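Please find one structure pasted underneath; my questions will follow.
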Amino acid sequence: MTRPDQPSKFKAAVVGGTGYGGAELIRMLLAHPSVALARVSSIDQVGQPLESVHLSMTDTGLTFEEIPLADAADGVDVVFLGLPHKVSSTLAPEIEPLDAKVIDLSGDFRLRSVEDYKTYYGEDHPHPEHLDGRWQFGLPELYRDEIAQARRVSSPGCFATTIMLALVPLAQAGLLKGPVQVVASTGSSGSGAYAKAGTHHPIRVNNLKSYKHLNHQHTPEIRRILGEAMERGGVKTDYALHFMPRSAPLARGILSTSFVRLEDSVTDEQIDEVFRSFYSDSAFVRVHGAGSRTAEVVAIKGSMWVDLSWVISEPDGLGGRQLAIDTALDNLVKGGAGQAVQSMNLMLGLPEREGIDAPAMWP
Amino acid sequence: MTRPDQPSKFKAAVVGGTGYGGAELIRMLLAHPSVALARVSSIDQVGQPLESVHLSMTDTGLTFEEIPLADAADGVDVVFLGLPHKVSSTLAPEIEPLDAKVIDLSGDFRLRSVEDYKTYYGEDHPHPEHLDGRWQFGLPELYRDEIAQARRVSSPGCFATTIMLALVPLAQAGLLKGPVQVVASTGSSGSGAYAKAGTHHPIRVNNLKSYKHLNHQHTPEIRRILGEAMERGGVKTDYALHFMPRSAPLARGILSTSFVRLEDSVTDEQIDEVFRSFYSDSAFVRVHGAGSRTAEVVAIKGSMWVDLSWVISEPDGLGGRQLAIDTALDNLVKGGAGQAVQSMNLMLGLPEREGIDAPAMWP
Amino acid sequence: MTRPDQPSKFKAAVVGGTGYGGAELIRMLLAHPSVALARVSSIDQVGQPLESVHLSMTDTGLTFEEIPLADAADGVDVVFLGLPHKVSSTLAPEIEPLDAKVIDLSGDFRLRSVEDYKTYYGEDHPHPEHLDGRWQFGLPELYRDEIAQARRVSSPGCFATTIMLALVPLAQAGLLKGPVQVVASTGSSGSGAYAKAGTHHPIRVNNLKSYKHLNHQHTPEIRRILGEAMERGGVKTDYALHFMPRSAPLARGILSTSFVRLEDSVTDEQIDEVFRSFYSDSAFVRVHGAGSRTAEVVAIKGSMWVDLSWVISEPDGLGGRQLAIDTALDNLVKGGAGQAVQSMNLMLGLPEREGIDAPAMWP
Amino acid sequence: MTRPDQPSKFKAAVVGGTGYGGAELIRMLLAHPSVALARVSSIDQVGQPLESVHLSMTDTGLTFEEIPLADAADGVDVVFLGLPHKVSSTLAPEIEPLDAKVIDLSGDFRLRSVEDYKTYYGEDHPHPEHLDGRWQFGLPELYRDEIAQARRVSSPGCFATTIMLALVPLAQAGLLKGPVQVVASTGSSGSGAYAKAGTHHPIRVNNLKSYKHLNHQHTPEIRRILGEAMERGGVKTDYALHFMPRSAPLARGILSTSFVRLEDSVTDEQIDEVFRSFYSDSAFVRVHGAGSRTAEVVAIKGSMWVDLSWVISEPDGLGGRQLAIDTALDNLVKGGAGQAVQSMNLMLGLPEREGIDAPAMWP
């Protein structure tokens, strides 16, 4: 599988390709019918064939190259940045002049508040002017048209995507009120490709634990987007988001449960309508609804699909009903590289599902 | 390891010993310094040595016997019932006349409401008079003295124990107000020893999902005990419990996260004091508190220990602070057989930790 | 994703589509660029959409149909039989008159010896004349041309494929001599989609064990093919195959280690040449050789790729050197449905890798 | 659980207590009825309570101390060295003068050949005179009496124990002839407490692979002991050991399969007699024999028990029968710390099983 010139295809580059996100980007771009992967840069493994790091690959014909961003972007239509948080942002001045469209997978361009950035990422943003709106947030379910027009897309975080897909329809409908409690559990691939204590197999394989308690860095990006969803819906409701992330003993997948209080008067049909109408033209969200299938990780791992289900309690004597929404997705696909490719499809005018609509494997 | 007469020891019998709960009871009783396991009855595997079913055991000198309850209880000091829900209750008339103390591990004698029983177990209780209080609820952290005096103890459910240990101190202190949201994830041993779809390895090993959404049968027993904790504290607060159980891909352990709203005026120190004072003489609860260790399953699996930790948000602009409490325990030990043995120790006047205070294995 | 008429595509049917093999066949056929999946029959789940059983799928536009084989095969170019052992064979008279090409995934048409069939499958073959050679054995690495000409293909077993790919090159080269010892471990999906004791999660997740000790039903099919490889190589050597299957706690993948004695005079280069020349035009076998990468399941799970590596001891003082060959593949893909599609590609004159050359996911 | 003076108990110290082996030693010594754990030294985590590293422990009353070996050994009856390979050996001069009995868990004193040490551990032994026999090899099944008399015991490796228990009876009986092939798979705890690439959860949880192919450092210690078993049996047979280690995706446990050729004339009864008589007074080996239970990890994890089973082929036409022996044990217990405590029991004149005879947990 060499990479010959394919003049009729768009060309893409991956900058930072040795991690799990990079591996997924490469996997999807190599298989994409309308896009050719031109090159992959990195700062380690330089000169090695891709398949010597990503053992899953075969004869890619590509090696990791250590080259400046401008050279990586030379002659390509789209550049993916698969760099760690706080590294992407340092490249802002080099990104600015690029002709190529750019999709960043880090957290560095997702926020609009320099204070939030500092609070959650622990440092001042080196180029805070990049939080001014020049980066389009890459959640196609909310911003399909904007992404299609964008030159710079900041792709959402894995937990953030999982939770936003549960809450955005409610926010837009004016139903997000009061304290909102979320527990979301992630597989270990979310911690990246380098071994560390939290992903040491003898511990992780027998463990369930919370971490970054009520303090995860995806919280401000969720809050920002919920606010924009309210604006879009022409509503303004008071709510507070309390998110407890958890680690779980599997490699891939996130399951989130979000608790939202409804007034007694809100009906089951109303909630059903909110979710079904919001996702009526969604490319990848499968709305199961109450009493039908439940969202589960095994059904979506390795794929772009998102499962969404919910349950509503009877009025509980405290003036409301409890809504609990479950969403499940693959943290590296819809929660990562795949969602970035979905944005790329939109930015290049390609069908939204092109090249990324395979089912999960069963089991 | 034959079972000779040990006249100086108390004698125990296990009725229904082929499941995982039975295995744990047998394991702990065989090793108990003050109690001898006299016999184990069952309706299947009759005549087989215990070690032919529980492959972990060696030369127990005991076989599964199919005998009436009265015979199983004959000459022993304590009988453990390790039977399925809706089977224990049918034995109520046979339990009544027994001289031996009885500890039941099913859900059949945990409630005080026949309506709740029917709602959550799907059938009328065959002997509803047994829900009148004659069975002491076996949560030693709340009822140590009562258990020590009891002749009949109904041991709590695994999820229920995990969640009650998070919420009972708050209930007793008058701090349990408003909607309370709980997500608790369990290992697969909670589903019992017989293979079924939800514990089919190819699916379970890659899965996270919710089930019995806001509708788990442990909910009414938690509510009952929270009410009694309020009475004990001389308080009465309005709250509603919304519990989402989850299955997780490990064999043992439960982690629960419970969200409780606090008023702005409640201080960190106040919460710290509530938990620390409640558990100051607790035999097995390790209170880690905010900002210290977090509750995690790997630290307690296979043991009686319970880890409890919490975090409190700053005032969130909605008139309150969000408290999130995590508890972790082993569903088959502190959440099952081990807790029953803890009650037995109290009932027989033995030290509460005797025979059951081993640490977890690491890892 | 409806299934419109696609007149330029070949048409395929799957008979017996509710198991894991069926799920993989459906997944690959739905995505195949040159073949359309026309229908899926089954005896259970009749009338249900495919995606209600294979939760990984979305809007297939197909339901499980209970129809006779002749109707399932009506108007299609190729029929896959995804039926249990001892069920496929009963359909032999119905298969005979079909115009469509047929690929059977069971063990029922893999052998040439009625005695072996009875010994390993426990029953007389109901149509022993079908063991006469009318079914081509579907191992493309050995029979590419024969498969391309065949109307009936019997696709190999998962363990058999893993082990044959290690041993066939040696057999053909006349190097397979003396006792050959094999240990191969499989993931739990090899046991099928229905829950049973051996795949009960609480046990399987913590277990390693052997089963069908030196007695697995794939043994005779391996022996048959090794014999044919010798004939092809114009050699005849005495050997005996001793295969110990093992179950391992993961969902997918097989790793086999095969021990073959070499004479002292056999050189490393000679073995290297045997494997590299045999697989020089192989579509999916990656030959890593001694001292390079080792075969490992994580690198191939979910894909068609096979990793092959080996090590040779120094002369060990007993007149020989010990060769140990490792092969790894996915039991449901190259060891199952994917290999059947590989045969289909050859039978239909399509490129051998078409539609099935995706890399594994990493991780 | 403070550590008061317990004058009637023996006293023990652990040197190097922060790893998994150290954790198991501490767990077993804290619970031992006749031995008190006096102190635990380490070079990291100094000053921390044991339970801050081994989260499974509670109120041990002990902290990690950084003290010279002589001080650690001061006033205690037995010292356990839980240090890495190539660290224990550097302490040889300090060990020499100690009055306390010493049990070393590293590989540094297991061999009798300085060449083997250099070959397999990569360095010259710093004190090669310590390979002269002054350290008793700590395999109680072979050396019970010698251990009881020993002042210095070198405890066997985990793989080595698993494989020796399969092969030693055959070696002693003169039945170990020709090439012997072994595949043994280990859980991830065998790699120690520090995170590394091979135990990175996202990879390990989906992987099976071989490593240190035919070259594992336990090989020479197995060969040494097999030779001594032959001497004890008054036999001398030619054989060669070829051992392929594997990593498996579980935390604890080893399963080994060993292939030994038997002459046609060897009967099933003869093999049965060899194993049963050898282990007739064994403290922890459960001999299941052919056609009965198979050795499996889930039955022994967390315990001292060893399961041993085997199968013998019919004469295979090559002048022999193939014997395949499976053994299963817990790498950290019978394959590590527990076996060291078993030696300690013998050295102190205590019952061999004292304090370490608990069953595994089920499941």
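Think of it as A, B, C and D in the order they're written, each chain with its own count starting at 1.
Just so it is clear, contacts are C-beta pairs under 8 Å (C-beta built on N, C-alpha and C of every residue); 3 or more make two chains touch, one makes a residue touch a chain.
None of the values given here were measured: they were computed from a predicted structure.
Q: Along the graph of touching chains, what's the shortest path length in steps from subunit A to subunit C?
A: The fewest steps needed to get from subunit A to subunit C is 1.
Q: Among all other chains, pick the one whose mean CA position is farthest from the mean CA position of subunit B.
A: That would be chain C.
Q: Roughly how far is subunit A from subunit D, centre to centre by C-alpha average, rounded to an integer in Å?
A: So the centroids are 47 Å from each other.
Q: If you average the CA atoms of subunit C and of subunit D, how far apart do the two points sit, in angstrom?
A: 39
Q: Counting only Cα atoms for the centres, state how far subunit B is from subunit D in Å.
A: Going by mean C-alpha positions, subunit B sits 36 Å from subunit D.
Q: By the touch rule stated above, which residues of subunit B touch at least two different other chains?
A: 20, 189, 202, 205-206, 249-252, 296, 298, 363
Q: Which positions of subunit C touch subunit B when the two form their complex?
A: It comes out as residues 20, 187-189, 191, 193-197, 199-202, 204-206, 249-252.
Q: Considering only the defined contacts, which subunit C positions touch subunit A in the complex?
A: 1, 20, 23-24, 27, 30-31, 54-58, 189, 251-252, 286, 293, 296, 298-300, 302-303, 305, 357-363
Q: Any idea which subunit C residues touch subunit D in the complex?
A: The contact residues of subunit C facing subunit D are 178-179, 181, 183, 185, 202-203, 205-211, 213-215, 238-240, 242, 244, 246, 248-255, 257, 259, 261, 294-298, 301, 311, 313, 316-318, 320, 322, 324, 326, 328, 363.
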